[in-house]
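The structures come next, written out as structure tokens.
The same chain A turns up in both complexes below, where it pairs with chain B and then with chain C.
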Partner chain A sequence: MGGERTLRIWRGDASGGQFVSYRTPVEEGMVVLDAILRIQAEQANDLAVRWNCKAGKCGSCSMEIEGRPRLACMTRLNLYPPEAAITVQPLKAFPVIKDLVTDVSWNYEQNRRIPPFQPGARDPDGQYRMAQCDVDRVQEFRKCIECFLCQDVCHILRDRERKDAFVGPRFMVRLASLEMHPLDVADRLPLIKEAFGVGLCNITRCCTEVCPEHIQITDNAIIPLKERVVDRYYDPIQRLLGWLRGRRGGTARKLPMSQGPASAPA
Partner chain B sequence: MDVSEIQTFEHDVLVIGAGGAGLRAAIEAKAQGMDTAVVCKSLLGKAHTVMAEGGMAAALGNADRRDNWKIHFRDTMRGGKFLNQWRMAELHAKLAPARVRELEEWGAVFDRTPDGLIAQRNFGGHRYPRLAHVGDRTGLEMIRTLQDYAVHQGITFHMECTALGLLKDGERIAGACGYWRETGRLVVFRTKAVILATGGAGKAWRVTSNSWEYTGDGFAMAYEAGAELMDMEFTQFHPTGMVWPPSVRGTLVTEGVRGEGGVLLNSRGERFMFRYIPERFAAETAATIEEAERWPDDPQARRPPELLTRDVVARAIRAEVKEGRGSPHGGVFLDIASRRPADYIRRKLPSMYHQFKELAEVDITRQPMEVGPTLHYFMGGVRVDPDTQMSNVPGLFACGECAAGLHGANRLGGNSLSDLLVFGALAGSGAAAYVRGLAATPKPEPGQIEAIFRQATSYLNRESGENPYLLHEELQDLMQSLVGIVRTGEELAQAIERLQELKQRARNVKAHGSSQYNPGWHQAISLQSLVTSAEIVACAALAREESRGAHTRLDFEGEREEWGKVNLVVRRGADGRPQIARVERPRPPRYLEEIAHATIEDLEAGRVGADAPDEV
Partner chain C sequence: MSIAPLPRLGGHSTEPLGTARADRWWVGPLFTAAGLSGFVVYATWAALQGAHYYAEPYLSPFYSPVLFTSGELASGNAPLAHAWFGQWPSWWPGWLPLSPALLILPFPAAFRFTCYYYRKAYYRSFAGSPPACAVSPLMAGRRPYRGESSLLLFQNLHRYALYFALIFVVILYYDAFRAFFYHRPDGSWQFGAGVGTLVLLTNATLLAGYTFGCHSLRHLVGGRLDCLSCDGRPTPRFRLWRLASWFNGRHMLWAWVSLFWVAFSDLYVRLVSMGWITDLNTWN
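== the complex of A and B ==
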């Protein structure tokens, strides 16, 4: 590579804005964030953009590049035809603060609503024991870097604007990581069903497609949570057993997991 | 300026920085009943701790039952070339296992041993597999665990808020000033204690693994407030950063690659590390490839030289490149592809696989990586009391990378994450004890707040001035070429002279635009701390006339006995320039000295150190 490229970057704030074109020199191996930072250093010192690690590990530089939610630090310029301008804009599902920076504080509020990890007792020798095969799934969820690209692309949050009713894919992943943690003893299923709105997800898998960590959000987190809700609240045998045990539902977190798609209420 | 109109918060304890150390400190202070707040420059959970990859060192003894705190302590002292603070190395080795288990209790999911316990991996300078880890994303696991725990403890978080300076009431701390990045509005924190957890100042160099946040804010604020800094000449160059493509030069490649069996090769395909084994480590390092290949299965075989300490490996790579045996892009080769199966590599090093695939178009399961040294870590920092983490300024505490003492002249990989937890917790309890003992709430002396804000807003208000980004690049080139991995007195003196000029220019940069989320303004402000930190490093490096650990002087080769007896302590002089003092090292208790200098055989057989107390 080498030569120059054009970036069309959205500049503005909550009151409005427009795309501004910048031409900047580029070299081999550069990513979109490199080009943005070069423009910032040389042409537009006050261009607002979040970034930290520049290696796909912190999830700060989330934005929409050519209409797709992406991490700017992991998006190489050579992904796009050399002559065309590359269009860069802030995440659409969250309010703009300035330029490429959005207000993602709603996500931090959702996280605080989730009842925290609650471990059971240690073994008599003071250790916790978990088999690797039992934590593989939880470790997949814990790869999440909180870039919120899944939140940005989720139809329920982005198009239907139901932030009041659904916590979004990121927090379904967080809930799944707690519910499937072998040591956790808390029961979050009533919240998952009602307040967190698992039923609203209609399994379009857009979140999974944009996840930079390749977490199988829909198949491994959301669908199993839907199944657990179905098993507890809609399975007649479970309901009968639950009634006999004198409480609603059973020990749902001990139920075996199936991998198939669920016939959950949409 | 009317100070009474500026937004003001009151807390008992203010923690500056929300990486591992800051979060752990806040959790502890809050647990001890303090009204606690955290300010952080980025969003919560984005701090540089997420970049830590390999693991956290703690002698749990899960992977090898022979491990214990004494061996961890001995490894840490040897790795630090005996310049570490004895008490801190002791506290760290003894307390790290409890801090790791506590993290598990708060929800961290470490990789497991076949028995279901926390798995541990080998790392440079550690005698036994000691690093609790999660693949190669241990830092992320740590920060998310602390974050998710902390948000339920009643701690106040002020996100995207940058601290500008400390406030004092006479000699003691009375709070701090800052600004909100989003709006540019100013804010005052009136607090009884401040804990600095701001990390290092790696962004003063061109090739670094550090993010934009690493601008030495804590060093500069402490220095301006009269605190002592120590060991600032010791800046660690991690041996393995990416070297290609140019835009990712310096990005970290975890030592875990070597811990999992990766080897370093030069352009002739030689495992060159066998030629660079220092005398101190010769007795415990394999002498031939054949012996290294038998390790660890054969208990008679010694550790491969690729697992020597970082200072040694970084200098060896530099020498190979300098002598013309480097890789095409000026590094050496790091090969794991020919040594481990592809699925094993993807499982144990997933983010390395991902990082090279996406950023360099290299498949590390099939091809070797190209790597070279990258500025990674400050061993030095604020001089603190080992047990309370308080500086010489009453009410000012520091922990994590921002504090000095645990690592001496060189840090072992994996000792940083455990440092954050151990000394974060001690700083939190130290601050709580200090606040409980205060008779009255300190009040900032008049004029301080106005002076700090006037300076910060001057970059916005002036008519014209230099571009802060381009001046930053100039600083990076200067430090890279004159205060690098190998130093000379002549070059250091030249660096100090040029830094004086740069310091003046930095005061006069211009930030264009408004105060609302303006990175140019933020850059202008952080440039000041960065230049201050750079000057302190260069002055300390000029003063230490020997080569030890991460500090290599071509004009003073080798360790000198007289320099092993002192640490360099830096204070701000009346003229604003760093004043350097040689401070004699405290004598350790007899048992620590014996353990540190024992042969591994005597230590393991209990001929040495048997009478050392296990409690802290």
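== the complex of A and C ==
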């Protein structure tokens, strides 16, 4: 590859904007972020774009490329036909600050609402112990780079305007990592059902499709949380079994939590 | 440099089905809708026939288990000995066809309808909610969106449909086992196998694969625990959870292949029963 490519970039701020087309020289192996930075350097010094590691690990350069939420640093130009312009837009689910930069602070507010990791009692020797096979499941969730592509593609946040009722896939992942943790004893299920709105998710899996870390958000985080909510609130047999287990003292009861600013996010 | 004004902040469309995607995003939902519609139309037609669902020793999976039968072998009904409760009861409504499938199909239908994979499939392809990723939903903004927390709350009963599905796996394997034994007119049994035996055995296996990958099953066998082993030594529940997770990772594949094959199994038995095709087997 070589020659030139056209990028059709949305330029503007909270007061409005428009698409502006730029033609820029490209070389083999370039990604969309390279082309944007070249345009910024050579043609539009005031073009706002958030980026950092250029290695797909910081989650900063999230934007929409040809209509799909993507990391610009991980999207090669040769994915697209050479003659066609590549459309680049800011994330749809969050307010635009300028050009390709959006205000994602709503996500950090949601993070603070989640009751943090709360371990139970230590072993008699003062240690905490857990088996690797028990934490394998939650370690998948630790791969999250908080790029918020899943939040952007979720139609509940993106198109339905229900940020008031649903925290989004990223925080379902965090909730799952806490709820499934073998040492955690906090009970977040009432919050997951009501305040965080797991019932709003209709599992169309777009969050999983766009995740650059290939976290199985729907299968491994959201659906297991939905099933735990069913155990607690909708399944009479499980409720009965849970009550019997509680009477026998077979299962440690989790500590109830209230929603509110957490002291230290895990 | 050229400038093209657009009305929407960020340049995003808010129209139904609006998107900046230039790929053929509609192909997936279209094929899904066509596949599911085709199956529903065929299954409904087959269930209403009430005939040609049995060709010794094969029983169509749509009609298994046979609860009642007329015993008219000439029209492809199961023999009386095959029915759990014998002849059709007098209380059966006259306006309903005498079809055992009408008593059976609601259970697998409920299992598939509430299945987490099929929910994705039909929310996308029939409800357009959304039709594809980063494509505006068909009916966004008309009323407050509640997802599965209101009208669709019944989806939470998927595990109860699963319990029935597990029973059906056993029954279908029994049917496949029974398909190895030809019942001769003189009352004797002859061991053997035919193409129909393989069809029914494959059908039971594919349905088992689909059922074992169920998200609810994966949860119930171990996923609901925070501590699957606790001391690092894999427990039977941990092994079961790992197995269910393996099937679960391929749930969509099992769902489609088993859906196609169960309809094909019915069609195969039907065509053999009607005499349209000859079953290759070791009996004749």
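Rule of thumb we're sticking to: the second predicted complex is superposed on the first by the 234 of 266 C-alpha atoms of A that agree within 3 Å, B and C clash if a C-alpha of one lies under 4 Å from a C-alpha of the other, contacts with A are read in each partner's own complex, and residues count from 1 in each chain.
Everything that follows uses one rule, which is that a residue touches a chain if its C-beta (ideal position, glycine included) is under 8 Å from a C-beta of that chain, and two chains touch if they have at least 3 such contacts.
What you see is a predicted model; the values in this text were computed from it and never measured.
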Using the superposition on chain A, decide if chain B and chain C clash or fit. fit
Contacts for A:I217 in the overlay, against chain B (first) and chain C (second): which applies, first, second, both or neither? neither
Quick one: is A:P116 in contact with chain B, with chain C, with both, or with neither? Answer first, second, both or neither. first
When the two structures are overlaid on chain A, which partner does A:W10 contact: first (chain B), second (chain C), both, or neither? second
For A:F19, is the partner it touches chain B (first), chain C (second), both, or none of the two (neither)? second
Scan A:N202 for contacts with chain B and chain C and give back first, second, both or neither. second
Looking at the overlay, what does A:A176 touch: chain B (first), chain C (second), both, or neither? neither
Let me test your reading of the model: by the given contact rule, A:Y128 touches which partner, first (chain B), second (chain C), both or neither? first
Does chain B (first) or chain C (second) touch A:V32, or do both, or does neither? neither
With both complexes overlaid on chain A, does A:L149 touch chain B (first), chain C (second), both or neither? neither
After superposing the two complexes on chain A, what is the shortest C-alpha distance between chain B and chain C, in Å? 7
Shared contact residues on chain A for chain B and chain C? 130-132, 181, 184
In the complex, the residues of chain A that touch chain B are 13, 27-31, 34, 40-42, 45-60, 74, 76, 97-99, 101, 104-105, 108, 111-112, 116-117, 119, 127-132, 135, 138-139, 142-146, 178, 181, 184
Across the complex, what residues on chain B touch chain A? 42-48, 50-51, 101, 104-107, 109, 111-112, 115-117, 134-135, 137, 139-141, 144, 148-149, 151-152, 159, 182, 211-213, 244-248, 251-252, 350-351, 354-355, 358-360, 467-470, 473, 511-514, 516-521, 523
Taking the touch rule as given, give the residues of chain C at its contact with chain A in the complex, in rising order. 1-6, 9-12, 14, 19-23, 116, 119-120, 123-124, 129-130, 133-134, 136-137, 140-141, 144-149, 152-153, 156-157, 159, 215-216, 219, 223-224, 226-232, 234, 238, 248-249, 251
Residues on chain A engaged by chain C in the complex (per definition of touch): 8, 10, 12, 14, 16-22, 43, 64, 66-69, 84, 87, 89-92, 96, 130-134, 137, 153, 155-156, 158-162, 166, 179-182, 184, 197, 199-206, 209-210, 218-219, 223-224, 226-231, 234-235
